[in-house]
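Listed after this line are the structures, all set down as structure tokens.
What follows is subunit A paired twice: with subunit B in the first complex and subunit C in the second.
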Partner chain A sequence: MSELHSVNPWLDPSQKPYIQIENVTKKFGDFTAIDNLNLDIYKNEFFSLLGPSGCGKTTLLRMLAGFEKVTNGRILLDGEDISEIPPHLRPINMMFQSYALFPHMTVEKNIAFGLKQDNLPPNEINQRVEEMLQLVELTDFAKRKPNQLSGGQSQRVALARSLAKRPKLLLLDEPLGALDKRLREQTQFELMDIQEKLEVTFVIVTHDQEEAMTVSSRIGVMDSGNLIQVATPTEIYEAPVNKDVADFIGDVNILRGIYKGQNDVGTQLHSDDSDSIVFATQEVGASTGDEMWFAIRPEKLEISKKKPTDQYNILNGRIEDIAYGGSFSTYHVRLDNGRILKAIRANRVRTEEHHLTWEDEVYLHWAPHSAVVLLS
Partner chain B sequence: MFFMLPFIFVLKISLAEPIMAIPPYTALLEWGDSLLPSIRASLESYLFLFSDSLYIKAYLSSLKIAIISTILTLIIGYSIAYSVAKAPTRWRGVLLMLVILPFWTSFLIRVYAWIGILKTEGLLNLALMSIGIIDKPLIIMNTDLAVYIGIVYSYLPFMILPLYANLEKMDMSLLEAAADLGCRPFKTFWTVTIPLSIPGILAGCFLVFIPVMGEFVIPDLLGGTKTLMIGKVLWTEFFYNRDWPVASAVAIILLALLVVPIMLYQKSQEKAIS
Partner chain C sequence: MKKFGNFNIAALVIGFSFLYIPIILLILFSFNESRLVTVWGGFSTKWYSELMQNQGIKDAAWVTIKVAFVSSTMATILGTIAGLVMTRFGSFKGRTLFSGMIYAPMVMPEVIIGLSTLLMFVALAVDRGVFTVTLAHITFSMCYVAVVIQSRMSSYDDSITEAALDLGCTPFRTFILITLPIILPAVISGWLLSFTLSLDDLVIASFTSGPGSTTLPMKIYSMVRLGVTPEINAVSTILVGLVTLGVVTASIIGRRQKQQTI
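Let's look at the complex of A and B:
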């Protein structure tokens, strides 16, 4: 995984993208589902399209599969324009959200279905089906019908079927959506292993940000038919481009500020929420008086009853709620002006005295490099 | 029980002998001097059926007509049901309504209407002649063709409705999955759509085949004297020959022949449920 991802082809201008989505627009009547979208995806990437429902991510995936025609623009796969090629002739396979297993065929026949369309000799088909069954560890279930399988097993059959033809590109539409949390987490790692083993390019659509963070080489965050940000999970989480991305990925506290200028610590802001000055190391091009926002993740806020020694980045309020999460606790702190912020603290000591409790007056403090300044 | 009672009654008559009386058959049980009644059953009516080749021919001819018209109805019904199921949602209600609409008039009137269309100087011939496709009228009335037209027309809704119910709830993503795996649309139809609609096909075929076997009105009104169907024979025995026992025997044998497909139908329904 790390080896694959340590090579970041998107940073290397000499690398040729494997999938090129060029100025693609998709309209359904008057409704624009995809609005002049450009995206390059590289070979062996595990690319996630992430966004709220209705953002166009599924439409984009279905255009890659060929189920929807592009209204404008074109899609290239390995340099070849595939925009006009019907789905059954594309070297692309898809794993459906509903799995779409053929109910009248056994597991074996489902997996063999795609291979039969290529008129491969029967012994080669059998061999490949066997390989796929081993890959997803379902050899004992070969003769079962889909309705005799559990959700997790169906999911693996669907994966095996879509990989059997060794597609150039595998599309996965909410592949783990129907599984329970524990199985989903386990399957995420299996997916990553399989992707690495078979060296297939994966494009996955999901609305589950944790899933996207776990499995992806890069994430494309979509909203209203546009790509808002395309970056690695770390970049998306730590350096979101705007409030929407910051808010969509993980928990975040977003505070409004007014730009005061630069100094040796960094950008200086004034916030209505804080009595102290706010510093962020990030440099922004703005002029005095501009409105901007700074986003701080809950785990980057230090919470304590003692007033910090630093003279900046201080908020104070009262603890309104505590959510004990085992490995960590989430504190909801109400500021004097009524706003509620979240702070997370790891529960590092087992016998910790619960010296923070409801209605305690607390200070929130963060390092200048912990907050992200957002212009929009 | 409701189902069995008429059956037992008909069975009883079929074992009697015809007499000139009201009712025109002998009693099955005779109350003599002893306490127990003696049974006077006769298989003569049955033997008579097998001695006269007319009846066997009528059964076979009915079977042939029922099979051919079921196949015709299936082909036409499947294409209609498929188109309706594929139509935009807002159109489906209207289209389905059109399928059911003929039921608003009496079955008999609809068959009579076909006489008006098919007869020598009927609408069809007039239309074809006026646009110059034919110069002398086609003889359709009183042929087997007219019977097939009548049967297919009358029983089409019984084929379409179960097929539609089946096709409409078919998961469209299965067809997409087939295409995605490299299957051409036509092949997808044969390897995915048809196998998955088998319960609908069976239901539709039985709903058409079983009543057509015993159909009497359509061959009587549209068919000629040469069109031999067992329903017509039964009618003749009953009302013209007034031979109730033979007529009942005809009905019992027809039922016996139909029990096989009826049982197959029920088995397929049970299978569809489980």
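Let's look at the complex of A and C:
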């Protein structure tokens, strides 16, 4: 158990949070960007703030950096209230979305800039710059100016510059947003390696849910200035707290229905989408007649032409569209009532014996433990 | 590339002739041997050497350069601050009014600016001289600098400033080490622009000057009233050369800065 706790400090009540955001509110005029938000982040976490644009995630990050003042509440770093400390005195560094490299300085000078502000001796500055250049594999580019670098190189210079001062906390604002897909995936792993090697706490802002899932220890899903759910990527994906989170993270099929009660299988729902009764093993506190939803991920829906032997969790429809993705195919199935559900099937066999094609009559089936019951 | 039509060539020739023939004539006749301005008597640079003997013109030139140097430097400092402030503060109530007020001197008739500054100096009982001309020049050239700086700042990424603060640099040092070097080309072209504006101003200088502060354009103007001499052509040619140099340098710096940001 103790090992689990060191990996997941948020489960261990004896662990002290490294960053404490307490009842923080931020208003711009009449507009409330952050609404009474509370969040604890622990040492060495790779924490992602995820949400649609305008949800307040960047504002929250800028408050941690000190570029925005909190309207109400306070922010503690390692137990010390930093709410009133100006940005240049905070032991926090940030990597900007635009990279914000100084265009009139070489790569070397960009990285050394923060160290010079601390009046370190020149040989130590040189040594650290050298270290950073090696870390991001840009030693050969030390004398170049920012306008002579590619997007990926600029991104690494920005990272090196923000890490040079060995901050305890590094803030990253959409750090990979400007890179193409392949480079982005590669850089995600590099970021994770660097974070582990240097033992820095990372707080990253992103609107890319895949990126957040890949890199994070925990994700905070934000909407309209508040946190909706804070959990590990697996929990967010497999046990979202409501329809919005389920819908925002990954693809999902949502069945609406009326609560019928519990039985030995689990929660029982009467849905307009299915003739059979639908079950989920998850138990919820609800009373008969309540409206609720079942969320089922497309890869958890089994699709077949043969009617399943089970008597429950069956939907039938017709294949309307197939998106062939190489390793897997996504089927859009139109139910009799007109709704379209998505099912994903891995293409395990090269020549499909039970080949599915357009207009096929199919059955969708799922195990009772595959669906999540949502009350809102 | 599309070939120029005859009409286009004609329009071009007429247009440019209209603009430049007077100036070309002036430059040509400054190298005229003859004392008669409109009669060509062979090539000579004697009017330039004669110019060097003319104490009145030399005094006026010295006054002009002093005024231009001090006023453009002051206008650059004030105009840069104005341009930075206008971009830094984003939108606030009355912003349009403020920015409009900065640009107003650009479209205000020079006579009005001259007259109003004169009235102010009289009301404050300030003795008119080099000092008052300089002040008046700062007033009207400042807005040009502000415009140049503001247009530079519109493509300036604010997160560069924030990055410097974030790395532990104080706001003042950030301005000196980061913002100023980046916008320096714009500052220099603003300076050159106000320098040339001050150099060839006649109207405002006439209103605000006093004894001992005759500027070169004023001197030329008063000499012309007694008849145009080749000497005037010579001094005007020098002035044209200076202004051209300033404007060309400013535009080259501006272009290089544009390349750097892209």
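The rule is short, and it goes like this: the second predicted complex is superposed on the first by the 368 of 376 C-alpha atoms of A that agree within 3 Å, B and C clash if a C-alpha of one lies under 4 Å from a C-alpha of the other, contacts with A are read in each partner's own complex, and residues count from 1 in each chain.
The working rule: a contact is a pair of C-beta atoms (placed from the backbone, for glycine too) under 8 Å apart; a residue touches a chain by one contact, two chains touch by 3 or more.
Every value quoted in this text rests on a predicted model; they were computed, and no experiment measured them.
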item	value
Combined model on subunit A: subunit C and subunit B, fit or clash	clash
Which superposed partner A:K306 touches (first subunit B, second subunit C, both, neither)	neither
Which superposed partner A:N147 touches (first subunit B, second subunit C, both, neither)	second
Which superposed partner A:K197 touches (first subunit B, second subunit C, both, neither)	neither
Which of subunit B and subunit C A:N93 touches, first, second, both or neither	both
Subunit B versus subunit C as contact partner of A:H355, first or second or both or neither	neither
Partner chain(s) touched by A:K181 [first = subunit B, second = subunit C, both, neither]	neither
Footprint overlap on subunit A, where subunit B in one structure and subunit C in the other make contact	65, 67, 86-89, 92-94, 96, 98, 100-104, 113-114, 117-118, 161-162, 165
Subunit C partner contacts - residues on subunit A that touch it in the complex	65, 67, 86-89, 92-94, 96-98, 100-104, 113-114, 117-118, 147, 161-162, 165
Complex contacts: residues of subunit A adjacent to subunit B	65-67, 86-89, 92-94, 96, 98, 100-104, 113-114, 117-118, 161-162, 165
Subunit A-facing residues of subunit B, complex	171, 173-174, 176-185, 187, 192, 195-196
Contact set on subunit C toward subunit A in their complex	157, 159-160, 162-171, 173-174, 178, 181-182, 260-262
